[in-house]
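Just passing along the structure, written as structure tokens.
Each chain carries a letter (A, B, C and D) given by its place in the written order, and its residues are counted from 1.
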Amino acid sequence: MIKEQGVFGIFSYIDSTVQAIKKLREADFKNLRVFSPFPSHEIEEALERRESIVRFFTLTGATLGALCGLTLTILTSLDWPIRTSAKPIVSLPPFMIFVFELTVLFGSLATLLGLLINSRLRRNAPRVMYDPRFSEDKFGIAVVCKIEDIRKVEEILKLSGADEVQFEGI
Amino acid sequence: MSEIKKGGSTKPVLSKGEGLITGGIKRRDFLKILGVVGGTAAITGGCSPEPVEKIIPYVIPPDTIIPGIPKWYASTCMECPAGCGILVKNREGRAIKIEGNPLSPINSGGTCARGQAALQGLYNPDRIGGPHTRNSSGRLEPTAWDEAESILVEKIKEIRSKGNGNKIVFLTNNISGSLNRLIDDWVNALGGRHIVYETFSHEPLKEANRISFGINKIPTYHIEETKYLLSFGADMLETWLSPVQYARKFSEMHGYKNKSMGKFVQVEPRLSLTGVSADEWIAIRPGTEAFLALGIANAILSEGAASVTSGEADKLNRLVKDYKPDVVSLITEVPTETITRIAKEFVESRPSLALGGGAANTSSKSTETLVAINILNYIAGNVGDTVNFGDTLTLSNANSFREIASLVDSMSKGEVELLLIYNVNPSFTLPKTLRFDEALKKVPFVVSFSSFMDETTEQANLVLPDHTTLEKWGDYTPQDSVYGVIQPIMDPVFNTKSIGDVILSISKKIEGLESQFSSNTFYDYLRDSWRGIQTRLAPDKDFEAFWTDKVERGGIYREIAPIQVRLSQEVSTVSFSEPKFEGEGAIYFMAYPSYRYYDGRGANKPWLQELPDAITTAVWDTWVEINPETARKIGVKEGDFLSIESPYGNITTQAYIYKGIRPDTIAVPIGLGHKSYGRYAQNRGVNPIEILPVLTDEASGGFAWLSTKVNVSKTGKREQLVKTQDSTSQEGRGIAQAITLKELESGVHEQHELGEKFDMYPPQKYIKHRWGMSIDLSKCIGCGACVTACYAENNIPVVGKGQVAKRREMSWIRIERFYHEDNGFDIRFIPMLCQHCGNAPCEPVCPVYATYHNHEGLNAMIYNRCVGTRYCSNNCTYKVRRFNWFTYNWPEPLNWQLNPDVSVRTKGVMEKCTFCVQRIRFGEDRARDEERNVRDGEIIPACAQACPTKVIVFGDLKDGESTVSHLAKDERGYRVLQEVNTQPAITYLKKVTWDKA
Amino acid sequence: MNQESALTYSKVNHDIIRMLDKPTVKWWSLFIFDLAVLAFGLFCFLYQVYTGLGVAGYRHPVFWAVYITNFVFWVGIAHSGTLISAILYLFRARFRMSIYRISEAMTVFAVLTAGLFPIIHLGRPWSFYWLLPYPNQRELWVNFRSPLLWDVFAVGTYLTVSSIFFFVGMIPDIAAIRDRVKEIPRKIIYTILSLGWKGSTWEWGHYTRAYFYFAAFATPLVISVHSVVSWDFAMSNVPGWHSTIFPPYFVAGAIFSGLAMVITLVVPIRKIFHLEEFITIANFEGMAKMIILTSLIVTYAYVVEFFMAWYSGNPYEWGQFMYRAKGDYALFYWIMIFCNSVVPLLLWFKKVRTNIKALFIISLFINIGMWFERFNIIVISLSHDFEPGGWGLYRVSWVELGVTAGSFAWFFMFFLLFIKILPALSISEIKEILPAPTREAKAR
Amino acid sequence: MKKLLKGCSGVLLLSLIFLGFYLYTAESSTKAPEQPIFFSHKIHSGDNQIPCQYCHSYVTESTMPGIPSMQKCMGCHTFIAGKDEEYKYDGKAINIQKEIQKVKEYWDKKQPISWIRVNYLPDFVYFTHKRHVLREGIECKTCHGEVEKMDVVQRVYRLQMGWCVSCHQEKAKDGDELTKLKDCLTCHK
């Protein structure tokens, strides 16, 4: 794998972070990774990110769940029809409960799956391009760029108010 | 000895038990059971591993047994002197169910609870396993039959050598027939006496009949033909003479049909179970029935309504002239109008019948009372019509209490050297004041033939346990018209020997008797004796054919017409006075025979112990019934322990507040309070006989049961009175409904809706059948035979007092009783069982389909699928489901009785009435084999079969012609809690009442 | 937000992660005591399985009693957790931030506890899996028409979804702990649990979206679950159960009891861990107000039940309700009324609802009252239904009490472990409501 | 991607466990216990062509087929003592005469032989041989396999519910009959 170079700025303030993002984007550095201790709308807006595609996972899961609920209840009831209390073998009103529950269950599981896949969560500690302070009170911007652009990026970060700037290979 | 094992099941495991017969290959051998016998199944389920099972074949196959196929044998029930005919079901060599013999004119197929429970006598775990003799240290120890018999032989030889043959006494219960003859002859040959002792022997009835008509006998009564029944304390539906017979006849008389029914008036201080079925209860002052009868007679005679000759009328008029209704009213505390009204009704509704002589109401003037009742019957023209002196009871042959008392006296004087006791338990049934136990100690040698270790047997020197009725040959003649055959249903369970065989076998060893008693076995003796009957009754028949036919049918049944009798001269000599009561107390003490335990002999049968008393619903214990007014006065609530003190002793038992008893009377049932008699009877309840004085009915010498006045006081101790129904009121919910005769006649009554009402769902489809039931409340007398029959048929466990206290009795059918106080005091019974609802609330709530509605309308319960959520029971409108809180066990050999066609349930599953699905399937299978449809009435569930009054009708509702589908549309029909729209398959027919005056 | 303005991001981290310090002797003794009670409960259960359900106090016709009471009680407790975390999340109620993690934990543990009872109360608990629709050689399925099966699905779904919700909400906080702890074993555990969370924008982007969906699912789910639980009763025909108001009545009751339980749990934690800065009086007041509201709804339901019984002219219903008020169990009924309808009225006074001690005591009353509410609904209704001949009373047995105590121990075992292992307050969400540090603010 | 793989393998493992369980419960396992006497159905029923019903004589009358009594065994074996030769089975050599001698010993002691049950039905299942054999004409081997070829009887089918039900389902001619044949009360009472 070809090593890419990254520049890594650490900020204390959210407005400086947002400013840095805007400037970097203006300078056509689009490959940014921003870290924050909490979800921040300002940062997201500055990054102009697209809507998360987790929702499609949710939709698929929920639909699948509803279908499962419907088929499971109807088909198993018909498989060995047993009469209880003069009620029809396929009693849709109670079956709707299963449709609902399975919609929720499958929807939630699919959302979880969507979250895990899309945000690429994996079970090891981040080693590169990360600072433990991000989970505390610092903001960070990692800019992936060519070696020749490193200086430029560093300059933008520092100008925007970065406390520190580091270099790392990705 | 073979063994069948099934993993984790409570099915009968045949193993060597103490005293159980273990060797030999015999006819109807139950020990070498073919291993593939399904046995009684237990349910496990889940992923239980398969047990390693053994299959054990017969060595020699018995000739009559095909494993898996039941055989029925006819016999005669000996649980009380009534002698009902029975059919006993044998599966794989074991008796598993008793049913009434439909051919018997006594019970016509019905039984009582005691009859059903005879099986628990047979399989009682506390039976004496073999002969016992008293050793040097004074303890009874097992011995061999040869040895035991030779001890008796030596004893007899010794007594005879001293020339004391007249000091031999054979004390038995009323055993008529061949055994009676054998014992009579045998003891006479020895020079001794045979004394017949029955706890309830009704001497006053005999004596009164002798005085009135010159016949010293107990007649039979044709209750079924009467239109008006007036009973002076005769508990004919419980223990009086022949309860199943009279229950059946009563239901014919009193059951509503063709827009009419007979009327029944019960005169007694305590409303008994019999009284509950009456249309009117007259709470008379105890012991004054004679005056009421005379008052009624007076009223009839003074109206000139009597059907007697003028000479007799004069004679009678002289006798009754002092007893004008207003005078009588003062003595009896019965209103004058009631007396005149009853008099009018009694003569106008003919044929009528007056009965008397219930044990509980037998006072020291009982003979006079019964004479007065005889007069009533006579002037109403009933004698020779509904009173049948042609067909009399053999109970008439019993010795009187006075004779028993003199026996006790001679015993204590040392005038008895050898006492042989069979089937009686005088230590328990005689009052303590008679000092029987002390007298018994004076008898040098006592032999008991009892199969159970009762109070008397405990004191015997030699115990030679007899077979129970279901294990031996014999015969019994309860009344002149019936010769019942007793045949063994199975080989003996324990190492017992028939008393007849013992007598015959020891006779061989006593010189002088060998020739007279030459039969090898009692079976031969019996056949010889029946040869005599055959020569008498059917001289032209071949004996073998005659014998086989009678054994198959269960006996000889004849009809004997009433004979005409006239009033004797002696009547005019009778003088009437109030009976004597001993004791200074203010309260009359009534000890009444229990329809569950009779005189106490039923107490060792767990089914009877757990059968709720119909009125109180109490189980496993004794109680004292006390009027709420009296209770309030002494500050007593239900469950309080009361001390009842007579001059002769003191008993302490729990109070039951009962409006059906006079405020000046308390009542305690007889039957419990055993000091021994096995684990189920021992130290349970109290025996009211203990505090009774030795007072006899003066004229007849019969025991005067109602002869004591007592003091009642609170002890301060209190416990829950264990009973199965707490609520006494039906809260106006129309569970047990009634309708008056007038309403029915006029047709002005609510017609219940029979048409299909609007439903969300399409009507259900039933393939071929829809099983249903109808229950006629006008016939139900609350006797509990159905309950016990259900226990027997469906392997229902007995849970014991502690569990019933938690209302965990397992009975699938219960007799609910509701008190009504709006218009006089009145009790209604309603048998409550699974209603097999068309819209069963229990079904849809089961998550695993353990209960569902099948194509024949059955509400099925699949035990092995049940996980035990108990939701079905919560949702059951009728609360008829039972849950197995534990795995219940049947102590060996009670488990031999289990029905192999019904699963034995283990802990954690629900169960309930199945309409006896095993019988339904059996009937359907048979019909299919014979390529026909199931006939109406062919399939009968155990409860319907046992019912002596034929309350329950079972059949196919889909078949428009069946009896049950007609009854379902009956004008009296209703369904319990119909408004819940459960659409039950059971139609109840409303009880019919006479309009209250 | 005056009080909170003293908080800084690092103080949030510090204070919350401080709670995970080595357990004290007190904690250990509490934990061991808890395990002892749990062991006793387990013994009672095993004894019951071995001997038979008869060792519990059930008696005909009361076939459900303390176990199902506990089931409904714990499911009810669970509900307020989801309410606080999901519903209030959707409504953006700020006072939820500091307490939602505790209440979510409470939800998960309460459902874990509740889920035991349907199995404990079975006659044959070893066959409980027959309630699950799985292909088997018998070719038998389950009865989807049975409310008990609805329960299986509802509670199962609820447990899964609330666990996911609970866990997902914690990922960033666990990452924060991971970044702080030094000892190797803990570091590894938190590393695994944090799933490599970095706090990057794309993570946050998907995260907030997913979180929103979880909340959106959880909200109807929570209502459905307690509705389904109420249908266990309402779908039957027992007088006192068969009622259309049961679902809303049960949901309100669940929230009511759950809020009380949150207070019961949070008050001691706040005191022990000195979290006054995070969990403020205002938070409590917000909950107290919700308690008033739900108490009124519940009281309304009590009244309406009586009214409907009377107005319907149904003798069975009316008989049942008169029995509740005047019958053998009247004491329990009036305890319920006192605890649930009368005591919460005190919260109308601001002085009371801002007094932590008073709140704590009131919350205990409500817990007791709500337990008895379920007990009354179940036991009194069953003991007095259609058929007077079948009426009977119930008395609790020591086994049931043991199992009940065990269930509390089971719940608190999880809770004790939770406060020592996982962040009991949400680090990232508290930061969300803190004013973000800006250079402008600093300059001023 | 790794994550996905891991997840997939997890799901796969889970379904394998389920499948295994399903197969385990549905499988037709064999069970051939060693009996107290080497009784060969092959010799009796196969070689000598004795019909099943000769020994299992109640099969068309009763719920149970009947295990032959010792008397029945001796009915023949009083006259048939067997050849004094080795009979090969499962690598073992069995002396037929000695085995028959064992039967005689039992008979002399008037003791039954405790056979080990091969085909087992739980107690709560009510199966009637009569209904199946007599009415429906189902052959013995349908459930017991080709016994006439077995020296030691072994279980061919596990006789589990699903197996019974599938046959009941096939036999049903119409909907009503299917309902009847699949009624739980048919086998559980």
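The working rule: a contact is a pair of C-beta atoms (placed from the backbone, for glycine too) under 8 Å apart; a residue touches a chain by one contact, two chains touch by 3 or more.
The shown structure was predicted, so the numbers you read here are calculated from the model rather than taken from an experiment.
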Measuring between mean CA coordinates, which chain is farthest from chain B?
-> A
Counting C-beta pairs in contact, which comes out ahead: B-C or C-D?
-> B-C
Please work out the Cα centroid separation of chain B and chain C, and write it as a whole number of Å.
-> 58
Provide the C-alpha centroid distance between chain A and chain D, rounded to the nearest whole angstrom.
-> 61
Could you please state the distance in Å, as a whole number, between where the Cα atoms of chain A are centred and where those of chain C are centred?
-> 30
Counting only residues that touch at least 2 other chains, which ones in chain B make the list?
-> 45, 841, 844, 846, 849, 852, 854-855, 865
Among chain A residues, those touching two or more other chains are 80, 82, 84, 87, 116, 122
Multi-chain contacts in chain D, i.e. residues touching at least two other chains, fall at 25, 179, 184
Touching chain A in the complex: which residues of chain B?
-> 759, 761-762, 764, 837-844, 846, 849, 851-855, 983
Touching chain B in the complex: which residues of chain D?
-> 25, 33, 58, 61-72, 107, 110-117, 120, 122-126, 128, 131, 135, 176, 179-180, 183-185, 188-189
Report the residues of chain B in contact with chain C in the complex, numbered from low to high.
-> 45-46, 725-727, 729-733, 735, 803, 806-809, 814, 816, 818, 830, 832, 841, 844-849, 865-871, 873-875, 877-880, 882-887, 907-910, 976-977, 980
Tell me, which parts of chain C touch chain B in their complex?
-> 51-54, 57-61, 63-64, 118, 121-124, 126-128, 130-131, 140, 142-143, 145-149, 152, 232, 235-238, 315-316, 319, 382, 385-393
Under the touch definition given earlier, write down the residues of chain A that touch chain C in their complex.
-> 12-16, 33-40, 42-44, 47, 49, 51-52, 54-55, 58, 72-73, 76-77, 79-80, 82, 84, 87, 91, 94-95, 97-98, 100-102, 104-105, 107-109, 111-112, 114-116, 118-119, 121-126, 130, 132-137, 161
